[in-house]
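See the structures that follow.
Both of the next two complexes hold chain A, though its partner changes from chain B to chain C.
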Partner chain A sequence: MQDFLELAVSATASGCIYGLIALAYLLMIRPTGIINFAVGEWAMVAAFGGHLLLSRWEWTYALGMAAVVAFMMLVGWTTERVAVRPLVERGAPILAPILALLGVLVITREAISVSFPPDPMPVPFPFGIGRLEFAGIGGSYQTFFIIAVTLAVFIGAWLFFEKTLWGKSFEAVALNRRAAALMGINLSRVTALSFAGGAGAAGMAGLLVSPNISAHYLMGVPLAIQGFTALVIGGVGRVEGALLGGLLLAFAEQLTARYAPIPSGYTQGVPLLFLMIFLLARPTGLLKARA
Partner chain B sequence: MRKLVVALALGALAVGAHAQETIKIGVITDRVGVSRPYSEPNTEGVVFGANEINQKGGILGRKIELLIEDDQSRPDISAALARKLVDQGVVFIISVSLSPAAQQQQTVTMEAKTPQMTPTNSADYLTTQLPNPYFWQTGPLGSIQIATLLSHAKSKNFKRVALITDNSELGQAIAKAFKGTLEKAGIQIVAEEVVARGATTAMPQMQKLRAANPEALFLAGVLTAENVLVFRAYKELGVKFPIHSSYNLSVPVYETVAKGLIDGITFVDAYDPDKPEVKAFEAAFRKATGKDPQNMHGYGYDGIMLVADAIRRAGSTDKEKIREAMQKTNYAGVMGAKGMKYSFPDGKRAGFDPNGMVVRVYEKDKQGRVVHVGQK
Partner chain C sequence: MIRVAAWVGGFVALAALPFFLGSYHNDVYRKLLLWITLALGYNFLFGICGQVAFSHFAFYGVGAYSVVILTFQAGLPLPVAILLGVVICVALALAVAIPSTRLEGFYLALVTLALAQLFIVVLNEGGNVTGGAGGIANYRLPLIFGWRLAGPPYTLVVVALLGATLAILWRLDHSWFGRACRAVRDNPEAAAAMGVDVVRTKVIVFTLTSTLAGIAGMVYAFVDNTVNPPIFGIDNAFLILFMVIVGGAGRHAGAAIGAILLFLLPFWLAPVVGHHHQLVFGVLMLAVILVQPKGLIGIWDRCRDRFSK
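Up next, the complex of A and B:
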């Protein structure tokens, strides 16, 4: 039981990371229909930003975190301007920006790879290394920090979509681009903001996970895959789906690694199995968009 | 693909010297792939060594010219690069990307009868699967690593141990070697865990290990981030069994990315900082490059020195003569315990002395002194 509770805390934290990446995908895919696999690389860029600001230049954590997320939003906004909008404006098919964003993925990774030494770089913990325990639930400071920040981000995103006019305009674009445009919603502004938000969410995930796994130029692809799987599980229809998908994936991964009576190497297949089952049986994911 | 040709003909401008043809040596490295953290310092070691040789007048009165290619550790393109180097007239190829890539290059060097060696790769299969008399490996094999660790721990007389690795190709190969040696020694492996590349925690694996309650944990993984996750879970769960690690922990990167997590961890290394050759190498490297050397530079340096030694003894750049000379190598380099020499006895082509590794222990966040040597 002790083990299970401990594992539940650790799986929740992992699930939050996956959920944030899934949210990044979702923010962009909802209004535009564009799936952007560069989110993993964005998480990596944020991790390196964390290394620079927090480890090398020793900024205070809150300030460094705000700066990194703001920078990532700028990166997202610029990416949309440079790689996506010109294609959309010329009426290119939806596949064109997706491929262009794969190009962004490669460029981002190689740019980081040549700018930093090859070794993984340390990123500090906001509250140091330590363990928090209450009512039988225990975990590291970072674990709880990840969970708290992720919850705040998701609550913020939920309120944005449900309670603000801006959020409604996003939803309207997601439902019907043409009708939304005819209603006077500025499509290009919605698209730009969705990319900025996506990059911000991905950057937050990278910043939160990097104290545990260090900043490394190859860290992006696994995150992109885990986040994508979470997205498929949760569905692209609703913000909560991203978090739900992330949590389900992380629990499935870690519970099988801990309890399934199969060799440890095989448990890596579990996420893949999840991905296939959901794509085959429920391609819309668990949560459907409201009509 | 990036190509970098480093012409090292520094002294070629010397007054009155005849325009001498260089001796071309190929290097296949990894500048962008998974092995980059290891391949880059290896290559820097090779380049530094070649410069040093050239400053002392080269080999057989000729300068070394390095032709460096990047195969990204990918087996699907590495053979083509080996072919390219052979076509450019190299007399030796030094491979410092991953083992599967080096293995693929062998298909070319075997057919083209071109000597090839790897100074670092530790996968035992490189010299056992293909009967390629033109290939040698001088990195410490996985089987030597585990035997050295076990001989250090002999006094503890382990009965039940656990094994953890990652899903990288080398991590799997080392784990296999570890397992073979442990089983041969009659030691029971009570748990075998794998941490996948890209994992965000090693908590479930460490919980399983804690439940299995081994006397010690052997770590065969080679992925830095995933190894750090193992140490983090170990620390967080307050587990007490000692950790004995493969030579991956000899890379100094852990001193920064695993701060506060590695005190007391035992690891095998092929590098003894107190050895006179190492001190001389480190001083010269610092002077020439302004950078702090580490064991990975030493591997590359020994690689080019072994190749130069073979060409010197062959007395010519005839590839067959070089092959014969290489097989008769008896050379003391930077790597290995004090007094260790590389050699290929009985027709073997794996040249790291089984008694040439040392055991070291992390003290706080620093790699400590050598506490044990060899397998005795």
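Up next, the complex of A and C:
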């Protein structure tokens, strides 16, 4: 039982990371229909940003974190300007920006691999290394930090979509682009913001996960796969779905790694299995979009 | 008639070339032909049928590993191993394509990305069966009717593979099936309204092109006489997509041009950028999408139009 509780806490933290990546996908897919596979690379860039600011230049954590997230939002905004908007304005098919973003993915990864040594780079823990325990549930400081930050991000995202006019305009664009444009919603501004927000969420995930796994230029693709699987499980319709999907996937992965008698590397197959099952049995995901 | 003669002449020239090349250039030449073969297959899936997948190179690996494992670990005769390898490729492709083509959207891209990633894990963790991180080496093509195929004559096998792949794809492209594929790419609703079974078309194209990649992999297995995980890494899955886009998606000639250019580019770029040619490829691919969506073949078409006027 103790073993299981320990596992549950760490799975929750991993699930939060997947949930943040899924949120990044969702922020961009909802208003634009564009799947941006580069979110994994964005998480990787943020991890390297953490390494640079926090490890090498030794900024205080809060300042470094704010700087990294702000920088990622700038990256997302720029990406939309350079690689997406020209294509959308030209009326190119939806495939064109998706392919352009794949180009961005490779450029991002290679730019990082040119700029940093190939070894995993350390990123510091915000509260050092230590354990927190209460009522039989225990985990490292970082685990609880991940859970707390993710909850804050999701509550923020939920409030944004439910309570603010900006959020409503996102929903309106998601439901019907043309009608939203006719209602006076600035489509290009919504698209730019969704990319900035997506990059911010992905960057947050990268920064949170990097103290445990170190910043490495190949860390992006697995995160991109896990995040998208979480999105398929939860459904693209609702923000909460992203978190739910992430948690389910993380529990399935960790339980497999812990209790199934197979080499631990094979847990990378769990997302694939989940994708297949959900695409066959419940392609709309667990949570339905509100009408 | 002249067309057929030109094609035959072209392939005779391709087949004669290896006998005038040294062993290093023979090796480069074979790999170039294999890349063209892969790009032609991927072009049919991506350029003609409009489906994005990242598993094309993984299937190349599945073909290579399965023929090696079945022949040398399981001790089966080569023809049986090849047939079983094809069966494995078809079964795997169907298992992937059937769930992921049911919906509109880019689920196939995601599922195949996960598959390509998992394939590398399986190769690394496969213990004695796959040889782990070191892969399998030190095997040789079994004698065929008492002949040992190696050196330039083996290059003929690669040329034959390219010819057969091109013939199959060309034939399909110019049949009703090719038109159905283009309809599925351009407007699935209209295609369905015209009586094309959209999902079945996607599944058939994915399975066919993946199996062709698998067969190319079987030929590759005896080019280097070694198979190991880094060869079949995820980088190459992107590279093949870039080849088709840069050359010109939807055109056989475009795919071939893209494959030749991106295969040879690293040789010229090496003094300038070292091993970081992927960065150049990414920039090139992004530039093509933004500036010239029809790829290099589109530029060629425009030049020809201008001069013929």
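For this structure, a couple of remarks:
Keep in mind that, in the parts below, the second predicted complex is superposed on the first by the 282 of 291 C-alpha atoms of A that agree within 3 Å, B and C clash if a C-alpha of one lies under 4 Å from a C-alpha of the other, contacts with A are read in each partner's own complex, and residues count from 1 in each chain.
Please note the rule applied: a residue touches a chain if its C-beta (ideal position, glycine included) is under 8 Å from a C-beta of that chain, and two chains touch if they have at least 3 such contacts.
Fair warning: this is a prediction, and the values are worked out from it, not measured in the lab.
Partners chain B and chain C, brought together by superposition on chain A, clash. Once chain A of one complex is fitted onto chain A of the other, the partner contacts of A:P120 are limited to chain B, with no touch recorded for chain C. Within the superposed three-chain model, A:I129 lies in touch with chain B and out of touch with chain C [touch as defined at top]. With both structures placed on the common chain, the touch criterion links A:G265 to chain B and to chain C. In the superposition on chain A, contact is made by A:I107 with chain C only, not with chain B. By the touch criterion stated above, A:H216 is placed in contact with chain B alone, chain C being left untouched.
In the overlay built on the shared chain, the residue A:A22 is in contact with neither chain B nor chain C.
Shared-chain residue A:E6: touches chain B; no touch with chain C. After overlaying the two complexes on the shared chain, residue contacts for A:L279 are found with chain C alone; chain B is out of touch. When the two complexes are overlaid on their common chain A, residue A:Q254 makes contact with chain B while staying clear of chain C.
In the superposition on chain A, the residues of chain A touched by chain B in one structure and by chain C in the other are 110, 113, 221-222, 225, 263, 265, 268.
Against chain A, in their complex, chain C makes its touches with residues 50, 52, 95, 99-100, 102-103, 105-107, 109-111, 113-115, 117-118, 121-122, 124-125, 234, 238, 241-242, 245, 276, 278-279, 281-283, 285-286, 289-290, 293.
Remark: chain A residues 35, 37, 83, 86-87, 92, 95-96, 98-100, 102-107, 109-111, 113-114, 221-222, 224-225, 228-229, 232, 263, 265-266, 268-269, 271-272, 275-276, 279-280, 283 touch chain C in the complex.
Chain A meets chain B in the complex at residues 3, 6-7, 10, 13-14, 17, 110, 113, 118-122, 129, 131, 139-140, 209, 212-214, 216-219, 221-223, 225-226, 250, 254-255, 257-258, 263-265, 267-268. Contact residues on chain B toward chain A in their complex (touch as defined above): 32, 34, 36-37, 40, 167, 192-194, 196-201, 203-205, 207-208, 211, 224-225, 228-229, 232, 235-237, 253, 256-257, 259-261.
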